[in-house]
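These notes open a run of structures that come right after.
Presented sequentially are two complexes of chain A, the first with chain B as partner and the second with chain C.
Up next is the complex of A and B:
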């Protein structure tokens, strides 16, 4: 039986991918990317939650059964990279919206096709 | 009328479902806590002198990964700055900047309560950020968290009194230079450490494990990363506030 956090992460991941593919609005696509990222983070930190382990930030004298610190280190990287990518993607969306006056991916594709048509 | 879902949509969602199912199936096997993790954490603390084993991994065994993480963050800040300052329609090609899609965001009303609260909260929030960075190798925290907390403190003041008012107190060019200078110093220290054979080299005297100076270079890395994240975070926040309502 998987821990509840892993199950929630799996559901969030499917919702995120579904929204990323189905929604045409670029802002919604970014929100979906954020959801996928959050589900990944939840998965990593839930892996040890099924055990009654201590946080891996304890003096060695009181250390008995600690959680694996590697997923937590990976989460730190995931949060920073996610923030950076989200900020950059948001700027791209702002520039596209400024140029094409819409955040609809399909309309932007059509406008670009019209522009590039000889 | 509801549209029929396209084949690639169904395939994408099915693939995501498959990955999620795989996660659910393999999750119980993936946990490596317990005796193995405890032994590994003991070794980490003994080798780096830092009680925070996550920090030991991030700035020790996975230092190269963290350096690229800092670089990705720096490039993202550079991209945001470049795109917001020079991106968008090209005026030279007869494409004027427009303000048509969204109405400009109204200025936040001047409120004495909000302003005083922000000035009251800014020092403790910044102090908490510095604390998280300085003691990051001993307790929960670290450079990334400390820098983000300090940047949020500045964001609070920017929301209360206006980003322009806060930005006038800084020299933006100097901040950008300082940001890249910090990145250069981090890369320089890491390069020297790698050349000397180990991420935690003997450049700083090794202290007693668990004490503030016991972590050697981890303290320096955490402080530099905190400065970098604080400056980068403020640059992104400031640019987004400054360019709001322009689309």
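Up next is the complex of A and C:
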């Protein structure tokens, strides 16, 4: 029986993808991407918590029932990466918004297509 | 010598570029020279002594492990060739230091990825590759580039999340991230315990396929590779997507995805060729042809024999060379003519510099599989290592490629000098001159083995010549093919996301159907 965190992660992922597809606003798309990244982080953490939720900061003698430290290290890397990606993507959305005065993906798509095909 | 030195050199060079500002191109060239020396050293070591393993930080079984083996050597070779050629190509374009810094960090990430055999390390480095190529695509800050790279970032990040889901599944069941340990653990499982493997395999395969330039997954690719500046396109098409292919190659040893890769290979080969045939812009056509060329690689990995893997590695090197050559040559011609439309290139071919025309001709011949140039030698190994069905598919892909490049070929056929090129043709020499020598690679990649006899090679040369002739004839004669209507809306973000998710289920279905 998987822990409830796994189910929540799956639900968050589906919501994120749904928002990524349905919302045309680029800012919402990026929020959706943040949600998707968070869902992977939650998945890693909750799979880890299956064994134990005790922090792995203990002397080696009581190593038996602490949480696995490796997923926590992975999660740190994943959080930083997702932050960097969102920050960069937001800058690009700003540049596009300044030029086209919209953050609507469809309008930008059309405007870019108009500019490239004279 | 430690394996970490090679990627570290590039990244440190990039940091120095940022610090110094001026003279960045000299720092980049110096860094390139050092890492070329390191790669040459490792090629020598691997060719003589076999693979070298290293675990970082002395954490024996739990540490991040690196390996320098034959696949890594092949990918490092093409990395050095392409980065050198792109440096020479952009030598006089007065790029800012930020470009060289990004360029060197990208090279460092690629070098590290070549040696990575740890699932999470592969994830981190693929994301680093995404970020650097994202910035390089948009380097000139044209809106079309910014839009293309934003799409790339969204889709690649989603793909990597899917990959991470698969990795989390694998880690939860096996307790390790090293490919070697995971493989050993999976081999010891009974059928009842292995129910989760198809799900994890499809998530991992689909996630990486987003970065590997596979149709259905990498629908961001035509816009990004088609709009970036010529040098960046050459790097992205020749090198960056190959890192996804390398990851798929490494995963194909431990996960049951051979058949899935064959299916993906056929699909990307044919769909990429279809879109390339109807494309009117030369750069975009090259980008679509990259999607199509990945098909050869995936079919070769899917065939699963030793010879076909050697063929895949040789094709990676050959494709990096001729696709880099073609992107640089089309970029040159586009700069001269002010447009990269195929009709413009053909109509005003006399104005294209003679060296560029020669590069176009060599590139077209090599990509089409013309005897004794570039791709021909790799295809010999691919064909030898494949079952009959895959062989037929490879010939079909070769035919499609020829039809595609019959559109670009006339642009290279003209007389007259047509003016010189700014870079003096050095990148063309770097990428083009080695083309007939690709067959030498098999000495390093498969020592002591040979493909058939000289007669067999001649027979294959005859067949290749025939396919090239028929393909060119069909491409030139049946212009109606180029007016086919194909759906364009799949390249919008929303549709690309949906198609990619559909692709996860495609892989899952194939893995489930073909697993015993």
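In this text, the second predicted complex is superposed on the first by the 112 of 118 C-alpha atoms of A that agree within 3 Å, B and C clash if a C-alpha of one lies under 4 Å from a C-alpha of the other, contacts with A are read in each partner's own complex, and residues count from 1 in each chain.
By our rule, a residue touches a chain if its C-beta (ideal position, glycine included) is under 8 Å from a C-beta of that chain, and two chains touch if they have at least 3 such contacts.
Not measured: the values here are computed from a predicted model.
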Can A:66 be said to touch chain B (first), chain C (second), both, or neither? first
For chain A, which side has the bigger count of touched residues, chain B or chain C? B
Which partner chains sit in contact with A:105 here, chain B, chain C, both or neither? Use first/second/both/neither. second
May I ask you to decide whether A:3 touches chain B, chain C, both, or neither, giving the answer as first, second, both or neither? first
Looking at the overlay, does A:97 come into contact with chain B only (first), chain C only (second), both, or neither? first
Which partner chains sit in contact with A:17 here, chain B, chain C, both or neither? Use first/second/both/neither. both
Is A:115 touching anything from chain B or chain C once the two structures are fitted on A? First, second, both or neither. second
Check chain A for residues that touch chain B in one structure and chain C in the other, and list them. 13, 17, 20-22, 43, 47, 50, 68, 70, 77, 81, 84-85, 88, 92, 95, 99
Spell out the residues on chain A that touch chain C in their complex, using ranges where they run on. 13, 17, 20-22, 24, 26, 29-30, 33, 36-37, 39-40, 43-44, 47, 50, 68, 70-71, 74, 77-78, 81-82, 84-85, 88-89, 92-93, 95-96, 99-100, 105-106, 108-109, 111-112, 115-116
Chain A contacts chain B in the complex at 1-3, 6-7, 9-11, 13-14, 16-18, 20-22, 43, 46-48, 50-51, 53, 55-60, 63-70, 72-73, 76-77, 79-81, 83-85, 87-88, 90-92, 94-95, 97-99, 101-103
List of chain B residues in touch with chain A within their complex: 5, 8-9, 12-13, 15-17, 19-21, 23-25, 27-28, 30-38, 40-42, 44-46, 51-54, 56-58, 62, 65-66, 69, 72-73, 75-77, 79-80, 83-84, 87-89, 95, 97-98, 100-101, 139-140, 142, 144, 210, 229, 236, 240, 243, 246-247
Residue positions on chain C within touch of chain A in the complex are 62, 120, 123-124, 127, 130-131, 134-135, 138, 141, 143-144, 146-147, 149-150, 153-154, 157-158, 161, 164-165, 168, 171-172, 175, 177, 227, 492-494, 497-498, 501
